[in-house]
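Heads up: the structure comes next, in structure tokens.
Which chain is which? They are A, B and C, in the order written, and residues in each are numbered from 1.
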Amino acid sequence: MAKYIVKRILLAIVTIWAVATLTFFLMNMVPGGPFLSEKAISPQATAALEAKYGLDKPMGQRYLTYMADALHGDFGDSLKQRGRTVMDIIKMKFPVSAKVGGVSVLVSLLLGIPLGCLAALKRGKTLDSIISVVATCGIAVPSFVICTVLMYFFGVKLKLLPTMGLTSLKHYVMPVMALSFYPTAYIMRLMRSSMLDVLGQDYMRTAKAKGVHGFKILFKHALRNAILPVITYVGPMLAYTVTGSFVVEKIFTIPGLGGEFIGAIQGRDYTLIMGTTIFLATLIIIMNVVVDICYKIVDPRIKLK
Amino acid sequence: MSKYLVDIQNERLSFFTPAGEVKALNDVSIHLEEGEVLGIVGESGSGKSVTAYSLMGLTAHPGKLLGGSLVFEDKHIENMTEKELRQIRGNDISIIFQDPMTSLNPVYTVGNQIMEAILLHTDKTKAQAKDRARELLELVGINEPDKRLKQYPHELSGGMRQRVMIAIALACEPKLLIADEPTTALDVTIQAQILELMMELKDKLGMAIIMITHDLGVVASMCDKIAVMYAGRIVEYGTTEDIFYRSSHMYTKGLIRSIPRLDTKEHERLVPIEGTPVDLLNPPAGCPFAPRCEACMKICLNQMPPKTEFDDVHYTNCWLIQKEEFEKGAQNE
Amino acid sequence: MNKNPLSFQLNLNPEDFLPASDEEKQSQVVMRESVSFWKDGMRRLRKNKVAMVSLVIIILVMILSFIVPSFYPYNYKDQIKGANNLKPMQYSAQELERIEAGEKVFPHIFGTDKMGRDYAIRVMMGSRISLLVGLIATGIILIIGSVYGSIAAFFGGWVDLVMMRIVDIIYTVPDILLIVLLSFALKAPLAALVNVPGFGWVKTVGENLISIFVVFALLYWVGMARMVRSQVLMLKESEYVTAARALGVSSGKIIRKHLLTNCIGTLIVTTTLQIPSSIFTESFLSFLGMGVAVPLPSLGSLASDAINGMNTNPHLLFVPAILISLIILSFNLLGDGLRDAFDPKLKN
């Protein structure tokens, strides 16, 4: 187990390095730069700014400097938000996105898993059809549609919920609904099909033949086997959701990391792009390792190599 | 008090599939005394497993019991609630399934799965259940039981897993053990060991066994009585001697002719039964075996053969026997 | 021996006991007709009402977006003077005058947008673009993903290891980043390409749309590649492939006859399910303003444009939003139906 974790960490470092390198060169090869769009700045000022941030140096040298700094945990200053380091921005924006995202993931797990199980148990009955239809519709509606529809009905027409910001519990309702809509539907479908698969297994018949109680068959024997695909899905999904959805953050005006990232890309804020990309990649890789370890705990057949 | 431990009378059971009603069991009657071994023989789909499963109330989803009575120790299984059935399952009646590879839950240890049955049906504490589980593993011939208890099914070989299945089945000393093709998925050498073990345990514990198999060799060596099933019906029933030496149904005869024998002459071929089983969605009006029967008569195709009883035990459903009687009767008149 | 010879009395005739002929025996055998895999699958698909309804909806949407615009009285980029922000079925002042004058004016079924363009035709064109993106992108994904995945699985060893690491890396880079960077990067070369003879179409399609295809080609095949790889790996280990190999069947024939035929069901299903996901992504990109070039509409860009005027003209938002959900839903349901019909593991 320890050997496995060490191996995974080494592999993770290589992957993060590859992602960072890829991003760095792609980003720098693209024509244009962070200070081109600001027309008010004179060419001299642009040159001065570029010199200040080291953008005038050759790409290879910049790459080496950046990587060396990044190794020490220094991701540099934001090019566009003067006086702020990339770390400051991530530290400030990530908790906002993480709170909304975390609640959303929790909601989708708490709704998706039981409803998916229920549909599988009531296979072919009305309840199953209802859940399946809702789930299929759920994965068919793009998030901006959900956001705007929610906004229109609850925010504008009924005036039940606040439409901007994140200051009270009420503010969470719409973003969380919008964010958890797709994952809930997806988990329901995943859970239903994997539960159906498990219910048809021979060991379920064995459990029944032993005289095990219906509920215990479900919770002890079926759920643990059926939950595996959900774990696989939830790991990366959690990483993506806590780092913020651009659409949801834009529509509900939430000051989160998702919006910041898109802003950085559009404004060519090189250092911020690099910082957030590395942050997101690290998070995803960590989640993947966590998923693998959860897998091992849930299913003893899996050998971690 | 009935003299039988198990007494199934005229059981009828159908599966209601989207394609239509599949008549899986038609008028099946079986009885079995305490400590007796009954073999149920037949091709796949002949209804042998369904008969046994229905005795535990384990009929799979679209299946429905349509009639007949299933009595176990004077209690009517067919009228039991799910809760009453649960008390019998794993306690009075246990079952061993065909494929030990898939019949154990992969995510729990062997010990956990054996102890589950013990804890369900007895008042034993966890520690006592563990002792009992260790005892059971020894009983089924598994060495190093302490180590095995902590292992997961995928760490054991097929034969070992089937032994574990037997240990689970025997956990509460059942009065009846149903073995559903317990050796089909195993190597030939392991097969013999498992069968030997079952017979040993039967003598030790005095339980009755229903042995479901398509292997006549297995029933010949183990069973007191044999029921031959075809297309959801019992075509012949009798003691092992009756079936092997005095078989009267053409299907039984065909089965026996298709077993390889030591005294077969060189170049002599085994005789297979030609044709395929009937489609139970559209069962024929007459004897279901008629289209494959080499002695098929006109009446066989139109009318179900009546039961002919030779003695208390041995009976068959075949028009050929009726023909003999008919001709005898005609001569007498 | 016979205790009870005739258990119950029947009216029997000696003729009854005559041997039956083979024809008589055969007449009793009701065989279920044996059907091929494809025939069987199609039969099950046709029986699946939900999937068939979805198929009809997809065909209807295709007719609406590919055929109807060619004879529709309005054009998606023509701005009708004085007809800005019309409500559905409303006419502009000029049009009302023309109607008074006895002229027939085709109604604006969904009204017009703020630039006075007929919204119904824009929605139709939008769904044409969305469908095209879905279909073409899926084609690209299918080809790259299946080739990559099967190569990795077939060769195995370190080839597989390296190829799958690359997949992992692509999987980890935030896709939105690559999309934006690529669309910036591709802008100049594509703009230059417009002037090359024979590449004039690039301008009409829009550089962004081409970047989207390139992005799909570069990024979104990874899921398909993983799926194909695991399928091929599983099949490679299966006993019938080992058996075929033991019989001396050539590699090419094994791939064609065993691997391909067994993969194809899963491939069709994954492809059908990939189409809505491509449409989904395109609509998301259009929403971010990185989709098709103006004045070409896509369902995503239409919805995104309508968000600001949501309070006054909600129908401008809801029409494309509902249509896109309907298209994705239909493809999903059709894909589910195909899976149920063609996945041999789920038979029965």
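Methods note: contacts are C-beta pairs under 8 Å (C-beta built on N, C-alpha and C of every residue); 3 or more make two chains touch, one makes a residue touch a chain.
Just so we're clear, the structure is a prediction, and the values are computed from it rather than from any experiment.
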Of A-C and A-B, pair with higher C-beta contact tally: A-C
Chain nearest the overall C-alpha centroid of the shown protein atoms: C
Label of the chain whose CA centroid is most distant from the centroid of subunit C: B
Averaged-CA centre spacing for the pair subunit C and subunit B, given as whole angstrom: 49
Approximate Å spacing (C-alpha centroids) for the pair subunit A, subunit B: 54
Distance from subunit C to subunit A - Cα centre to Cα centre, in angstrom: 25
Residue numbers on subunit A that touch subunit B, as the complex places them: 201-203, 205-214, 220-221, 224-225, 298-301
Residues of subunit C touching subunit A in the complex: 165, 168-169, 172-174, 176-178, 180-182, 184-185, 187-188, 276, 280, 283-284, 287-288, 300, 303-304, 307, 310-311, 314, 317-318, 321, 324-326, 328-329, 332-333, 336
Residues of subunit B that touch subunit C when the two form their complex: 275-276, 278-279, 281-282, 284, 286, 290-291, 293, 295-301, 306-311, 319, 322-323, 325-330
Subunit B contact footprint on subunit C (complex, rising order): 1-8, 10, 12, 14-20, 24-32
Complex contact set, residues of subunit A against subunit C: 15, 18-19, 22-23, 26-27, 29-32, 136-137, 139-145, 148-149, 151-152, 156, 246-247, 251, 261-262, 265-266, 273, 277, 280-281, 284-285
